[in-house]
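See structure below.
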């Protein structure tokens, strides 16, 4: 998609730079159209085949699709029993091993159904990461493109501000912010957004700075295209593809940070369908011995399954991001 | 060089000021900053005295002034969690964290660089694939979960390693733990107690592996990629044309160049390491800054949390300055100005 | 054949196995270089000049490259020959276990043995001196590295000599016995395993210090030899601190510091300014005469060929199409491709406004044209040319051409 845009704008410049080229004819000529589209179609097919050849990309995609399916069909897989779907149904008994009593993945602390937690946790994770990444990208896009495009004092001020945010490790700054806010999911997301946007602003600014110097932007400026139009028509579309890659990879990282924050006690309340929280809840029973139908079990599932869910989620998006980078950045191809 | 460092240190001032503004605003957004100094046994006049003493009645800007003055004079407030001033608490908990992070970062650097190089040399061979899978898992694993799984395997299942703490309980109970540098590995050697040294080392393994795993993954990945890039460059061909063997080409000519981008990444990943310390220390009952701050969070002890954040900001910023200086040492094309 | 050849390439076939197909990069090249001469190898980019050069150095990356067939016979100096012979498992496969005389087939050497020749007997300089020098080591380090690698024996002898001198002059020298023993061993057997091990042990490795000092002195002499002003300073400079011409001089110093028998110069002046080009070419020529080195000059610049080469080989699409001495080739080029090349040189004395070009493009080497690879662009192409590949035949002494126009037709 972004590739298309690059092609388009580069074509435009070519036209600008070569005024002597014959005027385009307006008769419809299917052959000419095909000729013109051929490289793009080839490029697209090439991308698809690259993707198909790439086993890790396919693996990433299947992880992501799996998680999305879980989230979409959550009400069908595990119907909620109370008004708040985040509340995991429970029987207030000791954990039961997987398979016991119709609990496919067993039960956790207070007898919460693990499967329910995993399935609805997928929804929680997707909404947290999408909210954080999209908001972060939006803020970053505005701040970064303004700083990069207009330069000067605005640029300096904005970059100093991002410096300050980036001078603290993400998890710790988020911790600091979350620690003074009321502990709920919304505030945790807010805290992560606050630490997340500066890196996007940096990325976009660097992109804008380099694209600004390109000949086709110079050309557009030379023929008197308005500044704002240059920014929105030429610069932003061309600088977006690294942002897409970074955002895709970050969807996974956000869930990691969120899980870490939930684990130390920010975010959702205990017993909610959130993977990090489930690990921390399960820790109370981790490695202790429980009995079910007269047999002894070591409770490892209380921690194992939610952690695996986080791992699959993060790995899926990081693999997908890798594949996207290979496809969106033709220079990376060998 | 000295000029550059001074200049960079001066540039740190606005950054740290900015951090202090963020942290200060955080302390004031929370309703009542005085809460940390008041308990229910106090009389109203005593509370009033607390307000007077800490200037909570003054305008916000003045409060910032006093607060900043306090920060500079190392008066960072009272830590409820540790029951001592925040600065004392930091000094008290710092050595444990220092020991753990030093071991972890060294582990990450050595293992990561080795794996990255070995993997780039065996590109697309089974070793390379295995390394790539491990490093992918490494960046996708939640630290706290890895810690629990390691405990399950090495403590519970195999019984090889202790589950947590810095040393066995017997040493704590007998109060024979030395306190010279605060780094138990060094101290145990200083007092010549090899049994203690081994005990401490055994306690270090799991936390250090947990904490460094993600960083190992990142370092491996970047080292592999930059090695692959460097190995395709012309000067590697020159080195081959000189008649050098593959070992010197890889470990001397290519490694030194590939280290340049890797160094930056190591500096940046230190942040992740410090964040991970909070989680790792809490799980392994490691009596360091991270566990202290995690406990503080549970007890709503803002002074401690913010003090910890400020401390981490300073460490992180100084480390990245060190990395930049190192960068110039590694890459002669970079001039420090 | 009165002349002695330094290197003879016979029937060389090299393929590269890529995703898109098999690139038949070298398709039956035969060429030989006479001792002491400068042999120019010309052709368009991608015609296999550099691949040929790399195959002489044993630097074809495998995979994707594969040497299908061929012999590269190199006249090796006795000293290296002895070391090659003494080494275990020197040759690949069972054939030619014992090289006859002073000729050695580079293709049959194993990795370890070929390293004795690389940099010592055959050296190479590259097109881009900036990227060919390692940016993180000083020029001095990069020169002394090759000396330390190949001339341990000479260095050890020099150290021993100095050691004796100092002892006679001053009396006691610190660690004299240790150094003397070590360096005697080194002079006797430069590949000694114990010494190599010692070089890795901290403290013990300081024994190398006098040797490194010796190597640095030699590097300094090399820098003087390549006419670098202020060599002391250049020794300590990093490549990016030097100009392009200086960098190429450092490269030449590296290449020549072990007095190689053959110097391969792969477009050594392409990346340089015109004035610097002339200086570098002159320097190579002077040093060549001084050291008696043979030079394989790879270039696409016919001007350079006319200026410095004794004999020339013309390559097209992986084949050697013509070879002769420089005068002949400029005066009476036989192969249609060579003729085309000659016509494309702008001539000042002729009043032609349009520059001649050769029609068409370099063929795709994954699916090379059948028969003579030039027939798709050749103005004299015959039906026969599409079917059979012409052999390189000697038309007159010292002038060979691979074209059906000359004699080959009747036989086919």
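As written, the chain order gives the labels A, B and C, with residue 1 at the start of each chain.
In this text, contacts are C-beta pairs under 8 Å (C-beta built on N, C-alpha and C of every residue); 3 or more make two chains touch, one makes a residue touch a chain.
All figures in this text were calculated on a predicted structure; none of them were measured in a lab.
A.B. asks: Computing the C-alpha centre of each chain, which chain sits at the greatest distance from chain A?
C.D. replies: That would be chain C.
A.B. asks: Write down the pair of chains with the top C-beta contact pair count.
C.D. replies: Chains joined by the most C-beta contact pairs: A-B.
A.B. asks: Can you work out the whole-Å distance between the CA centroids of chain A and chain C?
C.D. replies: Here the centre of chain C sits 52 Å away from the centre of chain A.
A.B. asks: Rounded to the nearest whole Å, what is the centre-to-centre distance of chain A and chain B, using the mean of the C-alpha atoms as each centre?
C.D. replies: That gives a centre separation of 26 Å.
A.B. asks: Which residues, counting only chain B, touch chain C once they are in their complex?
C.D. replies: Chain B residues touching chain C: 233-235, 237-246, 253, 256-257, 260, 330-333.
A.B. asks: What residues of chain B sit close enough to touch chain A in their complex?
C.D. replies: Listed in rising order, the residues of chain B that touch chain A are 14-16, 18-19, 22-23, 26-27, 29-30, 136-137, 139-145, 148-149, 151-152, 156, 270-272, 274-276, 278-279, 282, 293-294, 297-298, 300, 302, 305-306, 308-309, 312-313, 316-317.
A.B. asks: Spell out the residues on chain A that touch chain B in their complex, using ranges where they run on.
C.D. replies: 160-161, 163-165, 167-173, 175-177, 179-181, 252, 256, 259-260, 263-266, 276, 279-280, 283, 286-287, 298, 300, 303-304, 306-307, 310-311, 314-315, 318-319
A.B. asks: Touching residues of chain C toward chain B in the complex: what are they?
C.D. replies: Contacts found on chain C: 57, 59, 111-112, 115-120, 123-124, 126, 128, 131-137, 145-146, 149-150, 238, 240, 251, 254.
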